[in-house]
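So, here come the structures, one by one.
Two complexes, one shared chain (subunit A), two partners (subunit B, subunit C).
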Partner chain A sequence: MKKLALYLILICAAVSFIYPFLWMAFISLRSVGDAGAGSFLSSFFTLQNYKAVFMEIPIGRALLNSAIVALSTTASVIFFSSLVGYALAKLRFNGRETVFMIVLLTMMIPGQLTLIPLYTLIVRLGWIDAYPALIAPWMISAMGILIFRQTFISIPDDLIEAARMEGCGELRILTSIFWPLSKPAMVTVGIITFMNSWNEVLWPMMVVRRQEMMTMPQMITTFSVGGQSGGELGVEMAASMLLIIPILAAYAFFQKYFIEGIASTGIKG
Partner chain B sequence: MTTGDERKDAIGYAFTAPYILFLLVFTAYPLLFSFYLVFHSWDLITPPEYVGLKNFYFLMHDTDFWQALLNTLIFLAIHIPAQVVFSIMIAMALAEKIVAKTFFRAAFFLPVIISGAVVTILWAKLYSTDTGIFNQLLGLAGIAPVKWLTSTSLAMPSIAVMATWKNMGFYIVLFLAGLLNIPAHLYEVSKIEGTTRWQDFWHITLPLLRPTMLLVVVLSTFGAFSLFIEPYVMTGGGPLNSTMSVVLYMYKHAFLFQHMGYAATIGFALAAIILLVVLIQKKYLDSD
Partner chain C sequence: MAKVIFEKVVKRYPSGDRDTVRELSLTIDDGEFLVLVGPSGCGKSTILRMLAGLINVTAGKIFIDGKDITRLHPKDRDISMVFQNYALFPHLNVYDNIAFGLKMRGAPKKEIDDRVREAAALLGIVPLLHKKPKELSGGQSQRVAVGRAIVRRPKVFLFDEPLSNLDAKMRTQMRAEISRLHRRLKATAIYVTHDQCEAMTMADRMVVLHDGVIGQCGTPHEIYSAPRNTFVATFIGSPPMNLFAAQAVCEGAASGLKINNFVLPLPPLTAARLEIGSKYTFGIRPEHIYLADRVPPGVNSSVPLACEVELAESMGNDVVLHCNSGGLAFQASLKHDFPVKSGDKINVVFALDKSHVFDEKGERVA
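Entry: the complex of A and B
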């Protein structure tokens, strides 16, 4: 009896979380002439909505922009944050504790405070409608530094000493000993950074005006809000599907890292 | 040995130098410049003009700004209780011995990883007065269509419900971790004393979930004060400013009117309010 109630709650919840996305996928695949009529089963599935998206807006370019921005941000965050994390965990230098305190402090600054001044900086640098505006301000993350520091601290010092004896430089120690030993941390930082960058919409809407420079979230938002879609539901949903498919694919493979990474860092998209 | 120490110092500095440079340009400079901007009027084209405390004076008397804050409070008043109640309920169900636990967790978490832009566009369709699923379901029950997003009293609550749906998977996972941290022997003791499940929930589960509760409330508050794409897509801040969020209001001043000084002042005030609210919540939820 109790079990039944449990499963009822869980199944109802699961349906309510999944159904809207299924509906979206279904609408995006339905042929236009079919709108409104026909049941789920008798409907004729087609890719014509997807073709229409590519005809109506430069969505291919938006996908490319999103990929460039999210991948370079992720690569940069992993490299530079692990560099700092390594220094904080394993190198002894004057001011190390100060740097660590600064990392913690920056996490407490509400983003809303620096948003407008940061935008004026981008204008002055002449980066409006350019990739650096979308990448440079997010190249290193305090969250990444803390995760790497935490992971690296537990790696024994003997490994470093042995490598130094053999004449290994610190950078080599980081990339060829610490990185391979810290795969879960690297995947976690990588996934969270990629997801946040891929999904981000407010910042691109501030620094990008030209359609060719838009990333996916801004592209589909202006497509939907700007009335460009002409109220064609199927086309709008197809555009949205193109945005979520890469994230869904990553989620299918790295589900555990998504859930545990996001839950442990308190960062949500 | 000083040379060895100096070498170590040099490597430490070299490894942290990119971060320090990054911090100076993209955090410290904007932070300092925000203190400059709030005392100036600037349209990005003509030179900034010193205006003293005028921006703050306008802000105090700006009814639209206060409306945006009030809207955020309405959002929080619905979002936080709904979030806490449903997340705990589902987390408790997940904590039991059940099959397909991983599947359920993954399903609940799905909306968390999807871009807020997509979720909002999708829900705008679901909320549609004429064709949306909510009104279709109500129609089956013989209830007249509801103006989810076009009535001043319902638009903000509708956005709050959507945001709760989007983030719930995240909070379920947090509460689940909190539940699994509660030592099982505490419940054993209560079994001997013959207490009911409901009593156990009130006297053991809830008090021990308090740290998680604080985290959930604080994170929900941050989320509420960052609302932007939801009203931007669904309502444009309307009807009659009833869904105007503070960030959307700041965005409008910066990008519709080029009021950089005033937009920075809004951001400044918002940051101060966020810190204040979080401190109050922490004090209230931390004490016994």
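Entry: the complex of A and C
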């Protein structure tokens, strides 16, 4: 009985989480006239809204920009955060704990506080309307460092020493021993970073003005709020569906590692 | 292979208030199997790790084949090491674990394959080559770790308590295998253990360490039969050597040691080295104590000493008796060919030609 009640609660929670996504998917598949009807049930579905999105805005280019930015950011966060995580977990040097405390401290500073100084820096570097403006500020993350440090601490020192004896330098130890042993952590950092980068709207709005440099969320926001969608709910939802599909695909593919990583590090995204 | 020289090597950890290794000077000959033995914290693993380059030397120098390697990176020293916990890479199978060092050094694929298979055949682990470390038993893991060490054919092999995680039977088996392997490879090997049995059975020469200094260095037989001090005397040998506080006395024409209420006459050569009236420590190994009526021929025995058996521990072949004679407690290890039980009163004698005398500082006198 207790188990049944527990399952009922979990089902209710799952439905409340999934409902907005289902609603968005159904609305995006309805014809223009049906979109506002408010019911899931419809006599037929259409891809008309998706066609409208591709006709109205250069969504392909935005998709490419988002892919370039999100993948570059994810790769660099995994590389640089694991480098720092390795140093903080396994190398002995003066001030190691202080550096770690400073890294933790940066996690407590709201991102909005650093927007203005970052923007000023980007302008001075002449990176407005260029990929470096979208990638460079997010190439390393405190959250990534923390996850990698916690994971690497649990790897026995004997393995490092054995690898050193067998001819590895520190970078080789990281890439040949620590990375393969930390797949869940890498996937966790990867998915969280990819998701954050993919969904980022505010920063691209600040540093990108040319349409051909816009990322997906920026383009869709401009499209929906800026009036290009003509206020059509179905078209707006179709654009939003296009935005979330890559995230869902990545999660579905790496789900096992992601859950393992979150469970082992105790950190949520 | 190679000759290894430690020249006044000192190690002090940043957090320590004293030196863990104090001015160690030691030469290990080409092809020698040297065992470093001592209790926990005596500095034996520190010495090994300094030689491996895993920790820095505070002062002094280390040479391999005349080349100063004190500041070299571990990978440039041409040394292999077998770790206590095997340190096999969990994500690689046995083949890749053994091949790891050769791959890192960019050896050709064909050579890697030949050498891995040769090492695996030597250690009898060919059927395990495709397995992951988690599928292996302790003994198999240790063989793989040894395989990884020998495949590179380094100048020096280091073993850091490699058998301590194995059960007693497997330990005995691996002990013999490592000894056979050493004889076959004729490699310079340095082996660290806290197990005196391993040290005695495997070593060409052993170093007993105490508090970061060499207590004694010599062949197992030298160390067993003529320990340099009371620490070595009690550390090597199981059960440990019995030590009694004593005073040199002269009774009539003969000199001897007074222990408790009885006087133990000593052989003239031993007695000549004692100063009458000074305090000494008398040592006798449990296996050099006999029942008074069962003394083997040719043994120069003491006068009988009456004692009570407080505890008799049967070891199968031998029996260890915990005896007490008027407050004087000692252990005797006797052949298990007579009935004896706790509470029995027996007479024992000491084999005087096997006895040891140490001065007040614990240094050997005779």
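Heads up, the rule we're going with is that the second predicted complex is superposed on the first by the 222 of 269 C-alpha atoms of A that agree within 3 Å, B and C clash if a C-alpha of one lies under 4 Å from a C-alpha of the other, contacts with A are read in each partner's own complex, and residues count from 1 in each chain.
By our rule, a contact is a pair of C-beta atoms (placed from the backbone, for glycine too) under 8 Å apart; a residue touches a chain by one contact, two chains touch by 3 or more.
Please read all numbers here as calculations on a predicted model, not as lab measurements.
Within the superposed three-chain model, A:166 lies in touch with subunit C and out of touch with subunit B [touch as defined at top].
Of the two partner chains, neither subunit B nor subunit C is touched by A:245. More residues of subunit A are touched by B (comparison of subunit B with subunit C). Of the two partner chains placed around the shared chain by superposition, subunit B is the only one that A:83 touches, whereas subunit C remains out of contact.
Once the two complexes are laid over each other on the shared chain, residue contacts for A:47 go to neither subunit B nor subunit C. In the overlay built on the shared chain, the residue A:22 is in contact with neither subunit B nor subunit C. Judged by the touch definition given at the top, the superposed model places A:158 against subunit C, while subunit B stays out of reach. Using the contact criterion defined above for the overlaid structures, shared-chain residue A:104 touches neither subunit B nor subunit C, since it reaches no partner. Once the two complexes are laid over each other on the shared chain, residue contacts for A:180 go to subunit C alone; subunit B is not touched. Residues 8-9, 11-13, 15-16, 18-20, 22-23, 25-27, 29-31, 33-34, 37, 42, 44, 89-90, 93-94, 96, 98, 102-118, 121-126, 133, 165, 167-170, 173-174, 177, 215, 219, 222-223, 225-226, 228-229, 232-233, 236, 246-247, 250-251, 254-255, 260, 263-264, 267-268, 270-271, 274-275 of subunit B are the ones that touch subunit A when the two sit in their complex. Interface residues of subunit A facing subunit C in the complex, by the touch rule stated above, are 156, 158-159, 161-169, 172, 177, 180-181. Taken together, the subunit A residues at the contact with subunit B in this complex read 3, 6-7, 9-10, 13-14, 16-18, 20-21, 23-24, 80, 83-84, 86-88, 91-94, 96, 99, 102, 106, 109-121, 123, 136-137, 139-140, 145, 170, 195, 198-199, 201-202, 205-206, 216-218, 220-221, 224-225, 233, 236-237, 240, 243-244, 247, 251, 255, 258-259, 262-263, 266, 268-269. Against subunit A, in their complex, subunit C makes its touches with residues 49, 52-54, 73-75, 79-81, 83-85, 87-91, 100-101, 104-105, 148, 152.
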